[in-house]
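Every chain is named by a letter (A, B, C and D) in the order it is written, and numbering of its residues begins at 1.
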Amino acid sequence: MADLSFPLLTATAAVPAVGAIATAAVPAAKRTAAKWLALLCSLATLGLALVIAFRFRPGAKEPFQLTESHAWIRDFGVRYDLGVDGIAVALIALTALLIPFVILAGWHDADPLEGATPNHRWRPTQGFFALILAVEAMVVISFEATDVFLFYIFFEAMLIPMYFLIGGFGDRAGPHGEEQAATQRSYAAVKFLLYNLVGGLIMLAAVIGLYAVTAHQLGAGTFSLQQIVEARASGQLTLGTGTERLLFLGFFFAFAVKAPLWPLHTWLPNAMGEATSPVAVLITAVVDKVGTFAMLRFCLQLFPAASSWATPVILVLALISIVYGALLAVGQRDIKRLIAYASISHFGFIILGIFAMTSQGQGGATLYMVNHGISTAALMLVAGFLISRRGSRLIADYGGVQKVAPVLAGTFLVGGLATLSLPGLAPFISEFLVLVGTFSRYPAIGVIATFGIVLAALYVLVLYQRTMTGPVKAEVGGMHDLKVRELVVVAPLIALLLFLGVYPKPLTDIVNPAVGHTLSVVDKKDPKPTVQVNAVPGHGRPGQAVRDQDVEAAK
Amino acid sequence: MTGLAATATSSGEAVQFWILGIVAVAGALCTIMMKRAVHSALSLAGTMIVLAVFYLANGAYFLGVVQIVVYTGAIMMLFLFVVMLVGVTAADSLKETLKGQRWLAAGLGLGFGVLLIAGIGNASIKEFNGLGEANAGGNVQGLAALIFTKYVFAFEVTGALLITAAVGAMVLTHRERTERAKSQREQSEARIREGKQVPPLPAPGVYARHNAVDIPGLLPDGTPSELTVSPTLRERGQVRDVSGESLAELKALEQRSEDWLGRGSGEAKPKPSGPAAPREPKEGAQK
Amino acid sequence: MNPVYYLYLAALLFTIGAAGVLIRRNAIVVFMCIELMLNACNLAFVTFSRMHGNLDGQIIAFFTMVVAAAEVVVGLAIIVSIFRTRHTASVDDASLMKL
Amino acid sequence: MENLIALLVAAPLVGAALLLCGGRRLDRAGHWIGSLFAVASFAVAVVLFADMLGKSAEHRALHQHLFSWIPVGGFRADLAFQLDQLSMTFVLLITGVGSLIHIYSIGYMEHDERRRRFFGYLNLFLAAMLLLVLADNYLLLYVGWEGVGLASYLLIGFWQHKPSAATAAKKAFLVNRVGDMGLSIAIMLMFTTFGTFAFGPVLASTGATGEGRLTAIGLLLLLAACGKSAQVPLQSWLGDAMEGPTPVSALIHAATMVTAGVYLITRSGAIFNAAPDAQTAVVAVGAVTLLFGAIVGCAKDDIKKALAGSTMSQIGYMVLAAGLGPIGYAFAIMHLVTHGFFKAGLFLGAGSVMHGMNDEVDMRRYGGLRTHMPITFVTFGLGYLAIIGFPGLSGFFSKDKIIEAAFARGGTEGWVLGGAALLGAAITAFYMTRVMLMTFFGERRWDPEEVHPHESPKVMTIPMIVLAVGSVFAGGLFSINEAFVTWLEPVTSFAHGHSPVSAGAVTAATMVVLLIGVGIAWRMYGRKEVPAVAPRGSLLTRAARRDLLQDDFNHVVLVRGGEHLTRTLVYLDHSLVDGAVNGTAASMGGLSGRLRQLQTGFVRSYAVQMLGGAAVLVAATLLMRGV
């Protein structure tokens, strides 16, 4: 297209990458400088992401825009192919949006302990922020990659900085003292790494298999998503049923681990529980989204037949995740683990929406990714502030916080309400869309999934009641309310939740065409309503004005 | 010569084979069974000589000679030399230390041998076209022709290998002297500084009946002194201790004289005791 | 008698040598066993050359001898230096490869 | 004109935003700002009402389309309002009573340091409630529906430092969520059936689909209504909701929010008309609840809980009426409005009494208050007369009509429903008389040293007076040549029920049961001395005190069961799911440990392995040749 002059997508990934190196290079003494540098880089990335969002033309007919394509490893047909569809744009925007808040929220998380001797080799602060930026860069590029191999590389490389972020930095709020917490942390980090590595390796096998198949049938093997999709559409490339299913499973397993889907979820509570809350946000709101996103972009588009073959099982698993995650969240005693299990439940909704194979379901799932990112970020970051004040993650250690810190309690409540997807806040729209989308194709599953909203209310309100209400606990008494920095972190998120809850159109406009394209690749149509609403004059009934457009909507 | 051509050899060779074959196998077995390396080496040499004979019987005259001269003459002697260096008498126990090693070895060896023999057995090698025409121009000439034409390159390489091996051996065994040798004066000074054994070491014991380097002298209390024999002998445990028996003899003599003098009923009879008893030798010495 | 018996003998000697390598701890004896195995091979080669009626087998045997000589020289040198440092010629004592 | 509709919702919403984000600097003016926005909204409502009266019945419905809210594929949700006669009625009730209660709260919450936040929540509630009644499609209604749930959560738990309040708030929200689940599933079903969920097209094309689906939708809507309107089996939250400040109980849990269920059923009339089974379910729920609430109301000594029971029962009447179809809708709404007046009045009265009695709620510690707080006494008394259906007052007209309609259902069903309604009327008369007597008559059972009962300030009494006036005359006004019915007729098609018993007979019967109820109450509480501590009472009484044991049922079945379920799941997640993973890791470690043993470091063992390898090779070659 015309605006190829400036490689926008590459730049968006490159800025944080460069920023990471620069931040890491800042000398040990200049901690604050490193922080500001990191913040500036993330803001620059946000700017670029917004430019992408504005350059992106939802109406355009080609599936991917702002594409860049360079040969990389000629012998294996690996190309440096970037391109974004509406879904990717939305998620890149989410990532770029959240990172500055993550950095701000973690402003003091990596400061050396008081009384720690200044060490010029080991610079935790610089490392912390550099790693965060590195993660951002990798996530962004894996949202942009349209070459399976390129995607795989960054999908895996992401693990390395995440591993150090989880294992290296903890909130000093472990229930059993610091060294115990350290062991717990390293356990969580290793678990995270192994889990995702196994998934990734299985995916690698599938990737190689895909290459072999294309090489065998197209002559020259390729990893390019578009080429493969087109080849399949034109019938040049025909996968055997068995092959396609195996490859699909290989891809899906990796994404299901990342997402995470029951029963591959057990790494998430540990990781989120032990990491600092900004890192936890990074995990659940940013990194895990790559998994669900990849299901939409790769699983469905590369293996449509296999996807619809596996749909029933996946839907059931997603359903289990929803109910199971919610129930376990109710049973948790640790605030962060509770939020982690809530996230598992929400990822269940996302996957449910993706595999419902309806425009509402997948559109809703995409919105869900964005909204869940924002809402979880809000809740988790506030929880982090709370924990940093009291120095404990146990719910039982709190009580009556709203009396001493009303603003903190208020923001916490809003975050919680977003998590239980209260109408008027963004998550409601996505959740309802997912439910409608599922219901219109699989009514039973839709109905059961709806129980999730009751359970969500249960765990959120129980958490709020136990921590915020009731008589003020002695240790909580001296707690001070949110500081300006913290308010700057939370307020925009909440504002965004409200805005997207009332006026999600900008988002839906970007997402809808992409979802339409995906569905057309899978070639699935929305089930038609049983009744065609006809424009009979509603004998004196109200709402003639609406009826016309509603009728054409129903057509 | 002609017998070599036939598939069945002459009965003479057969007899020779059976007798010497048994000898060879026996030698081989002794090689791996003997406690002392020297014996192993000798029995191996035997086996090699037998093999040399077999070479000759197979028409490999040159190799037969080489086998005897190079192998048995040079290599085996090298072995013996090293054995001497390490210690002829050093006998290593045949007791197995690794668990199950011996059984594994026996089992595997057996299986391996069976396999080989089976392989040779079902390899269809029946007719032998002997070395008649090959050795027509003389075995040595034949070999030479091959070595310097067909295998010349390999030959050169082997030469290089041999030289490398020689140099390698020198490098490995040569001990580099890093600093100049100490002069006598320096040594003595060093000895003084360390404060150990300033005067020359004491001479070995000189006795009426014994006088040799492997016999330690006695300390005043009659115990043998380590210093008086060379450390090498001590190392090998080849020190002969005379103090014990000589003291015993003194004692016996004393006893006899006592009996002969007829006294010695009742009062302090020295208790019979070996050289270990500390008091006796002194008495002996006083007498 | 069929000269193939020489091969059987070679096999037998070779096996005995191999067993010796496995059983003995004294490095020198181990070397002797290796020599035994080499000699067994030589016997086989010689027999083969008689079998095929050409001298190539003998040539190979000759080379084997040369190589064996070289190997013995170096090997014994190694043994000697090891003995100097460790005061033992047992192969089990040099088990530094173990974790 | 229709552009004003958004203003109705916007005004209180802005107020809420101001008050909640304004921070401490608004603390002093907060209550005035809140009341101002409420009154402003009421003014707009009045303007719209006047405008509506000016038009002919056909063209009264207004519609305002703001923007397309969620457009995804065939799924179109618009942010659009519609204002027809039904919505108008509600808007007036909500804004009117709402404003009064705002004003009342200025006095009532005077000494609470979080008063600003209280008014913020109240405004939030008004906005949500107006959104609920003004929405032109079910999804937007759902937003309002959950919005009022949130507001009531915040207001019930307003005194969060009281654990009981926090628990009550949570309970209310959860029980409502169960109902909301019904509503959301109903919306999904509508979408899959009609491809839309806007009132117009859905209600217009009910004829086009099978009765089964409509029945399903109807039952789901009924579930939602039960949750919001505290109908059996989801009624348990209302009693605890009285933990909230009294104005909240008056506004949310008596006058407006709890009636949302009735609104939903009436609004979806077309669906219910087409699904008789669903209607039967509705009337059944209504009848059961009106008796249930009444019985509970008889046993409570806490004045607010007694009133809560009565609210439940009155809403039972409305639901019953709404379930009767066209013959009942109008009367349901009518009773809803009159009930809004007198029940709000009663609650405010109760609040005023508590205000004077240091927040004492136990009626057994009241008595003889009529001399100490005359205005409260009078207003409360008028509300009392209205609710028991004293001839000429609001309650009389509305409730009488409902009983009539119940009989008009016809057949045994009609008799059963009518009988239940009559019985309910009797019990109502009984427990309300009981409240009245225990509070204002008899001689004092409170200690004059501690409490000094006094009349409340004007800012509180005036709203009570206004409401009292409403509760006296509203019913009469509405019934002048069926003004109310004709007003609503375009929305809720009206049909005259043909009752087997004449209207006169019904009225007479009502009067009789009324007198019986009052008489019994008089005998029990007027003549005898009321013990200051509650007697053990009969089995029924004790059950009724515990809300007929359904709370205990919930506790045993849902709470305990849930706790056990979650605990087991937490255990399983750790031991089974996670255990499987860790087990694999552990076994890998063990295996590698075993394999490590092979590396003894002894040359000879390696040699053994080499020989083994060689043997295998030889064997392989032999086999190859063999084959």
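Quick note on the criterion: contacts are C-beta pairs under 8 Å (C-beta built on N, C-alpha and C of every residue); 3 or more make two chains touch, one makes a residue touch a chain.
Here's who's who by UniProt: A = NADH-quinone oxidoreductase subunit M; B = NADH-quinone oxidoreductase subunit J; C = NADH-quinone oxidoreductase subunit K; D = NADH-quinone oxidoreductase subunit L.
Just so it is clear, the model here is predicted, and its values are computed rather than measured.
Peer 1: Counting C-beta pairs in contact, which chain pair has more, B-D or B-C?
Peer 2: B-C
Peer 1: Can you compute the centre-to-centre distance for subunit A and subunit C, using the mean CA position of each chain? Integer Å is fine.
Peer 2: Here subunit A and subunit C have centroids separated by 68 Å.
Peer 1: What's the distance between the Cα centroids of subunit B and subunit D, rounded to whole Å?
Peer 2: Result: the chain centres lie 106 Å from each other.
Peer 1: List the centre-to-centre spacing of subunit B and subunit C in whole Å, with centres computed as mean CA coordinates.
Peer 2: 18
Peer 1: Once you find the CA centre of subunit A and the CA centre of subunit B, what distance in Å lies between them?
Peer 2: Roughly 78 Å, centre to centre.
Peer 1: Going by the contact rule already set, what residues in subunit D reach two or more other chains?
Peer 2: 600, 602, 604, 608, 611
Peer 1: Tell me, which residues of subunit B touch at least two other chains?
Peer 2: Within subunit B, residues 98, 101, 104-105, 108-109, 112, 116 contact more than one other chain.
Peer 1: Pairs of chains that touch, anyone?
Peer 2: Every pair of chains in contact is listed here: A-D, B-C, B-D, C-D.
Peer 1: What part of subunit C is in contact with subunit D in the complex they form?
Peer 2: Subunit C residues touching subunit D: 18, 21-23, 25, 91-92, 94-99.
Peer 1: Please give the residue numbers of subunit A that touch subunit D in the complex, ascending.
Peer 2: 191, 194-195, 262-263, 265-266, 324, 327-328, 330-332, 358-360, 363-364, 400, 402-403, 410, 417, 422-424, 428-429, 432-433, 435-436, 439-440, 443, 446-447, 450-451, 453-454, 457-458, 461-462, 465, 468-472, 502-505, 508, 512, 515-516, 526-534, 536-547, 549-551, 553-554
Peer 1: Tell me, which parts of subunit D touch subunit A in their complex?
Peer 2: 20, 58, 61, 63, 65, 67-76, 78-80, 82, 84, 136-137, 139, 142-143, 145-147, 150, 153, 157, 160-161, 163, 165-167, 170, 173-174, 177-178, 180-181, 184-185, 187-189, 191-196, 198-205, 208-209, 213, 270, 490-491, 562, 565-567, 569-570, 573, 577-578, 580-581, 585
Peer 1: Please give the residue numbers of subunit C that touch subunit B in the complex, ascending.
Peer 2: It comes out as residues 1-9, 11-20, 22-26, 28-29, 31-33, 35-36, 39, 42-43, 46-47, 49-56, 58-59, 61-63, 65-74, 76-81, 83-84, 89-90, 92.
Peer 1: Would you tell me which residues of subunit D are touching subunit C in their complex?
Peer 2: Interface residues on subunit D, with respect to subunit C: 596, 599-604, 607-608, 611.
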